[in-house]
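Letters A, B, C, D, E, F, G and H mark the chains as written, and numbering starts fresh at 1 in each.
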Amino acid sequence: MTERATILAGFGGQGLLFAGQVLARAALAEGREVFWIPAYGPEMRGGTAACTIIVGDAPIGSPIPDRLAALVALNPPSLAKYEPLVAPGGLLVVNDSLVEADPTRADVEVVRVPCTSIARQIGDERLTCIVGLGALVARRRFVGWAAVEVAIADLLVSKGPGVVAADLAALDAGRRAATAPAIKSVATV
Amino acid sequence: MTERATILAGFGGQGLLFAGQVLARAALAEGREVFWIPAYGPEMRGGTAACTIIVGDAPIGSPIPDRLAALVALNPPSLAKYEPLVAPGGLLVVNDSLVEADPTRADVEVVRVPCTSIARQIGDERLTCIVGLGALVARRRFVGWAAVEVAIADLLVSKGPGVVAADLAALDAGRRAATAPAIKSVATV
Amino acid sequence: MTLIRDDRRASRPSTEPAPERLVYRRPDLLSDVSTHYCPGCGHGIVHRLLAEVLGDLGLGPRTIAVAPVGCAVFAYDYLRLDFVEAPHGRAPAVATGVRRVRPDAFVLAYQGDGDLAAIGTAEIVHAAARGEAITVIFVNNGIYGMTGGQMAPTTLLGQRTTSTPGGREARTAGYPLPITEMLALLPGVGYAARGSIADPSSVGKTKAMIRRACEIQVAERAFAIVEVLSTCPIGWGMTPREAARHLVDDVPATYPLGVIVDRFRDPAPAASTPR
Amino acid sequence: MTLIRDDRRASRPSTEPAPERLVYRRPDLLSDVSTHYCPGCGHGIVHRLLAEVLGDLGLGPRTIAVAPVGCAVFAYDYLRLDFVEAPHGRAPAVATGVRRVRPDAFVLAYQGDGDLAAIGTAEIVHAAARGEAITVIFVNNGIYGMTGGQMAPTTLLGQRTTSTPGGREARTAGYPLPITEMLALLPGVGYAARGSIADPSSVGKTKAMIRRACEIQVAERAFAIVEVLSTCPIGWGMTPREAARHLVDDVPATYPLGVIVDRFRDPAPAASTPR
Amino acid sequence: MAVAAPASRVPLPARARRHAFHPVEIDTDRCKGCELCVGACPPAVLALDPGIVNRLGHHPVRLTDPARCTSCALCARICPDAVFTVYARPRETAR
Amino acid sequence: MAVAAPASRVPLPARARRHAFHPVEIDTDRCKGCELCVGACPPAVLALDPGIVNRLGHHPVRLTDPARCTSCALCARICPDAVFTVYARPRETAR
Amino acid sequence: MMTAPTLPDERVLMKGNEAIAEAAIQAGCDAYFGYPITPQAELLEWMARRMPELGRAFVQAESELGAITMALGASAAGARVLASSSSPGMSLMAEAMSYMAGSELPVLVVNVMRGGPGLGSIGPAQSDYFQATKGHGHGDYRVPVLAPSSIAEAIALVADGFDLAERYRTPVILLADGILGQAMEPVDPHFRSLPPRHDDWSLSGADGRPPRVVRSLHLRPEDLEVHNDHLGAKYREIAAHEVRWVGERLDDAEIAVVAYGTAARVARTAIARARDAGLAVGLVRPISLWPFPSAVLARLAARLRALVVVELSAGQMVEDVRLAVEGQAPVFFHGRTGGMVPAPDEVLGVIRRAWAITADREVTP
Amino acid sequence: MMTAPTLPDERVLMKGNEAIAEAAIQAGCDAYFGYPITPQAELLEWMARRMPELGRAFVQAESELGAITMALGASAAGARVLASSSSPGMSLMAEAMSYMAGSELPVLVVNVMRGGPGLGSIGPAQSDYFQATKGHGHGDYRVPVLAPSSIAEAIALVADGFDLAERYRTPVILLADGILGQAMEPVDPHFRSLPPRHDDWSLSGADGRPPRVVRSLHLRPEDLEVHNDHLGAKYREIAAHEVRWVGERLDDAEIAVVAYGTAARVARTAIARARDAGLAVGLVRPISLWPFPSAVLARLAARLRALVVVELSAGQMVEDVRLAVEGQAPVFFHGRTGGMVPAPDEVLGVIRRAWAITADREVTP
């Protein structure tokens, strides 16, 4: 199967749904099949939130993946809830700013990125998930990097170049954090 | 089968439902099984009305009889509507005051009784159907005459002796009309 | 003799010349059949008034009417108008659906008091709140006629019905509902009035109200309602003449007659003292 | 410093001695959990006031409460009271059912404005018309919070919501519904008032209204309703503080604050001028 | 006693008006005998006809004294069954 | 940057009050950072703590200057999350 | 009509609607909520008179929505509750029925069925079978449905219905039709009474105990699934223990007519005529429509030459018969709709046709 | 979310609720009536923005009762009408659905199903199958039910739904679930448009023609039966001509999974895994739930070793499958409820079990 499923999960206000849309739109631009779905519901408001994106080369089957290619866990409950779904060899991006605990899985690749801190440094906590997305795409090319950048620019065109620039900066910071050896080593702490 | 089905039909205001109850209660008093049902509905209000009574010796089967032992038709539409249901050899009491037409059936016993005129003479058109009932019971002892009289007295006990007397008079007038040879001959006109 | 002059107008549909010396004849918009209504039932009078007014205003061919569930469910058999049947109480919503897709139609809803003031409370309140451009004829006979004379929200205190055999008691069965006064509070309501059909003179005034309620829809595209106090001799256990007398003597104490609001004549609603 | 004195009373449930110098503490009837409400949501304040008043009056152990469908659906998780969940809009009917079989209970219905003033219009009107001895807390935040910020019947003209993206227009979406004024017309309504939770002083006044609405049920066995103007920062697209400001500055022009009727103090209802 | 009469028999045919003036035509077959018109008629010239039962089972109303009818049409105004057609007395007789 | 703290860590333990008087206890874990209390506090001694993200994901409110707090309880009156416990200054210090 | 309250010793004539109402009263019904509709209005009217006399709760609600949610509230507060309506009104109760099933509230709801769809007619019908037994409200739930075929049986099933409702914490539907509602039959006036309702979950105020909550919301799907599993287990238990049906003349029958309620009475007359004509025909009369007597039909089907289903509908219960029979025997259907009731001779005709068509089927009665 | 109105040439990502709304608009929907409810609120919100832009009718009603009866009125007046809701709101539409079926009014109604019963959860579910296909409202009527399994298919079925509704003068239900409503998928933005609605019975004012009446009342049972017979004939015609289903990998299949909508997607993934594991499994995906593809299942069952039914319910469609199969092959069922969705591996497990249990059944694929 060529389907690759990703879950982005954390607090509301971390920009999860938007980051998911960026990923979906990038896949669309590449002519791939894609499926995007938020965890919807009132309990999500101000509480936890999540978003699933499945990218594939044929129409997507099951909308609820049981074998995740990647998980971006931006707060502690998300890690606890979704870690078991990650397929062996899958990627786990953990928000080092808010998640103290270490993942329990040994058969997945873990990347710790201080997504919240980075987002704040760029100036907006709502960029947290874009940072995570940068880390994800840096490590798993489910979609091309350029397609992601174009998707951000397209989706934010009405918000003006400043916003686009901030999002691209967050994306890139995530990429750098996920590829810098210092950060990578966190996974083994 | 020991079930005997009767339909009383005519205008609202002729006392159909009450006459039906009299018959049902008489049967009950005799320890028989009985089933009473009005044709219910708004079209009945001020228009035509009907009431079915089935008397038997075992629990009553079909509530809608297709073989009537007797029909009391107090206005023209009733005769037209229910005449075909009368079983061969059945009894047909026709209100001579309002029904000009003759029944078309040759295989039933027809009795013409001027029910409305008799009721008026007694003083209340609402007695019309009791007159018809008198004629019916005179010719077909589905229930005993005494049981009918007792039923009338019981049902009207709260209305006072005057009302009971009027009803009994109507009942008896119907009996007499149905047994007087002059009236009976109408059936053959 | 205003009444007669009214009648003469009513009997002259603009399309054909008035027969010489004709004072009153059955309006053309009434179908040529007998109604199923009980003797003396007020619905017959209200139907006739509607036929007269719509005829006078030439609205018949533009009218889409909504029939209620209640004794007037067969209104479509008696009025020569396009009709749609609404589920019990939903006539104002059905009328809204019609209104929104037929901007040129004259939209009429006919409802009884059980239909409008009980099960249909939400629909009438919100059609009024939206200022839906419809005309509602609300026939209040203080009872559920069709189902056999049970209490309606409008039933008078003390009134015996088949579901208040000891007379309506406020403690258990609540108070009569002045729903037209409630609706009159809403800014979307262009016109709200209460008439009666108790006697020929009331009938004439009610006709004028119905006329105004129709004109308001056409001219102002606002919501208009006429509550018509009516009789249900059968449900009330009275002769038609007793019922008419009761309607004159007893009912208006709870439901005062008159125009409650006419926002296109007098933007401030008449002060209404609810009981 | 009435407010503080109020608070001190609130913090002293009659059963245990007041801790020395305590000015305010979380009322006992509030459960020891976080709510799911968004930051700054007015429901939290109203819940707290209810907990305080019921605690003050010692009504908690007698209360059977009815939860609405709306953001406050989880009220039973936050208030230590017996609770039954009503289908959307039917809380007054559910409360009626409870009322009729539990004469000794204190019966409370909590409803949002979509719940009470839209789908539940018939139920609230008729519970009020019956003079059902229940107390209704009606949280009017002018929007459907739970389903994502759509227009409610109470939404202000011009207000943008997810279902009035260009702002509510009377022509197509109708006028704000002054339902509490409508209810106040009904003789069965013992008490109807409108408060707000915009600032601490309004909160205090609202608490007094809620208290009166509870007392009326107990003492007079009449229907009582308090409409609480509240905020939905998420639905309004505002920060909680902006929302509170909007509630002070803009909302009362459409929904004036104050007691609309208190039939056991002043049998003639206060003249209310609806807009 | 008369039996229910077919529609054409009882109401006054319109033509008849030309000969003896009748201010009121009554569609007898539709009358339900409610007597609202009876109560509304100022000169009291309407009454039920107990000798007739119409197709609906009612005793219909009858104009008892055409000469005293004022053509006021109050009967028509109140009749729930729109049974009446009312004519004013022709000018030559009326004035 | 501090990670979300367990409930016991941040709120001022009740015992502490005996030593240094703190007029206001804040159940930090339940605070949603709405700032309604911040706006309502007359001496403006409440503020969000940007250094903390609590279990709900919010920056909770903090009493910035206990000494200037008047124990007016307006914060408690407005807080939708019933986060506050307010004490009046003990007599010996207050008067 | 008749006044039963005095409880005479002999049989009395009672109208179906009134008998049902009085049966509920004798069974200890604490509260009634309804809204007028033909052909069940007399039930409400009986309650309007009797309940206040007895100091019990009666409310004529503003609508069926109001009535059924009042019932919901009263049941949650611990009362034994009756509500009643007829077809269009039942449709309006769909949402609340689903809520009550989800909240596990015992309420007995009477549907005196009339012709549909829509406003239809007020004649007797059985065309709400699907609604009662399957898809009325949303979600996975079932409601026990009891269908009397005489007024005496209706009286008995009222008490059974309350009993079922309370034992299993579920709404129960008593499914009658216009004929049963409007007819009078002799009944023994000594109706069954039940001990007062008792439970440990209903609401009375959290006085000296933790608060109780009655609700159908379980926002986390995980929780709702657990709840649905619990409901499912309950439904399986009901299906295992609460099937009710009556067989008549089945011993030597080669054809079984399957019919309930009024249709079963017509069938009984037709069967008598068939027997007179020498045809070995019997009757299966389901009384519980859910749970449906599938097992008995499956067993019978194996040895019958045919089944003939008679309904006052276009064919609803027949689906459950087919589902039970699973092709083991041919299933014939005869239905009348809209308020029409088949005549016994009409049903006899269908039996004869089934007899003729299946003449060469081997059966071992 | 995305704005489709500009109709770009390439595929666009659209949220299911919004795609359904836009598809209706492109298909020529004249009027929309709705009431907010999760998880279909975005459908209403899309309409709130787009319909006024286009000068078409949009009303957020006071309730689902209001919405569906506004739809009734607008349809009677000749408009192409969409209404939408989710499970609890659908329950409130039961009476009006019955009226519209009786009055033969074309309206497309979307149900974006959520977990029940009662308030339940807002998670995706398929537990309104019974309601949609059988007993929703009272009386003998049926409603065509179309169940998409992807957003692109939902778009296509919207136009088909209007078309069916108008050709047969009937309400039609589009049965989706929370996942289809909330998800985004790429779609071709060129949706099908239909010619304007046309008929000779709807209301416009009796101008120069006799008055027309739209109604469901036929008070005389004789008349109502004639009307029901007419409806029945129409339903038989629909059943004969409008069955829609898709088969996948059935040629050599020994087991067929039967599933619709979201469950079918899970099944597809499970079937792929089963095939990887060497099991010959195919998929029957009903698209029209009524009329149900019974004939094809009956045909298939004769040559399969088993059928596995997967639903997001406690078992509803499975009854129709059993009814179709009539015991020719064993029918296994797997359902999740309350908003839970089975994982593909879970379904794979059921397939494996069915495979194992039926190992000794002779089949001729």
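The rule is simple: contacts are C-beta pairs under 8 Å (C-beta built on N, C-alpha and C of every residue); 3 or more make two chains touch, one makes a residue touch a chain.
Predicted model only: the values in this text are computed from it and were never measured.
> Starting at chain B, figure out the least number of steps needed to reach chain E through touching chains.
1
> Quick check: more C-beta contact pairs in C-H or D-H?
Per the contact counts, C-H leads.
> Which chain lies the greatest distance away from chain G when centres are computed from Cα atoms alone?
Centre of mass proxy via C-alpha means gives F as farthest from chain G.
> So, what's the distance in Å between the C-alpha centres of chain E and chain D?
Using C-alpha averages as centres, the distance is 62 Å.
> Could you give the separation in Å between the centres of chain F and chain H, each centre being the mean of its C-alpha atoms?
Going by mean C-alpha positions, chain F sits 54 Å from chain H.
> So the centre of each chain is just the mean of its C-alpha atoms; given that, what is the distance between chain D and chain F in Å?
Roughly 27 Å separates the two chain centres.
> Taking the mean of the C-alpha atoms as each chain's centre, how many Å separate chain A from chain E?
Taking the average C-alpha coordinate of chain A and of chain E, the gap between them is 89 Å.
> Can you list every residue of chain B that touches 2 or more other chains, as numbers and ranges?
In chain B, 41-43, 46-47 touch at least two other chains.
> Among the residues of chain G, which ones contact at least 2 other chains?
In chain G, 38, 59, 62-63, 65, 88, 95, 99, 103, 118-119, 122-123, 215-217, 219-220 touch at least two other chains.
> Among the residues of chain F, which are close enough to touch at least two other chains?
Answer for chain F, listing residues that touch two or more other chains: 32, 56.
> How about chain D: which of its residues touch chain C in the complex?
118-122, 125-126, 129-132, 153, 170-171, 173-175, 177-179, 181-182, 185-188, 269, 271, 274-275
> Mind pulling up the chain A residues that touch chain H in the complex?
1, 3, 21, 24-25, 28, 33-38, 40-42, 59-64, 66
> For chain E, which residues are in contact with chain B within the complex?
1, 3-4, 32, 53, 56-57
> Going by the contact rule set out above, which residues of chain C touch chain H in the complex?
Checking each residue of chain C against chain H gives 60-64, 66-67, 73, 76, 80-87, 90, 93-102, 105-106, 122-123, 125-126, 130.
> Which part of chain G faces chain B closely enough to touch in the complex?
Contact set of chain G toward chain B: 1, 11-13, 38-39, 122-123, 150, 178-179, 182-186, 262, 265-266, 268-270, 272-273, 341, 343-346.
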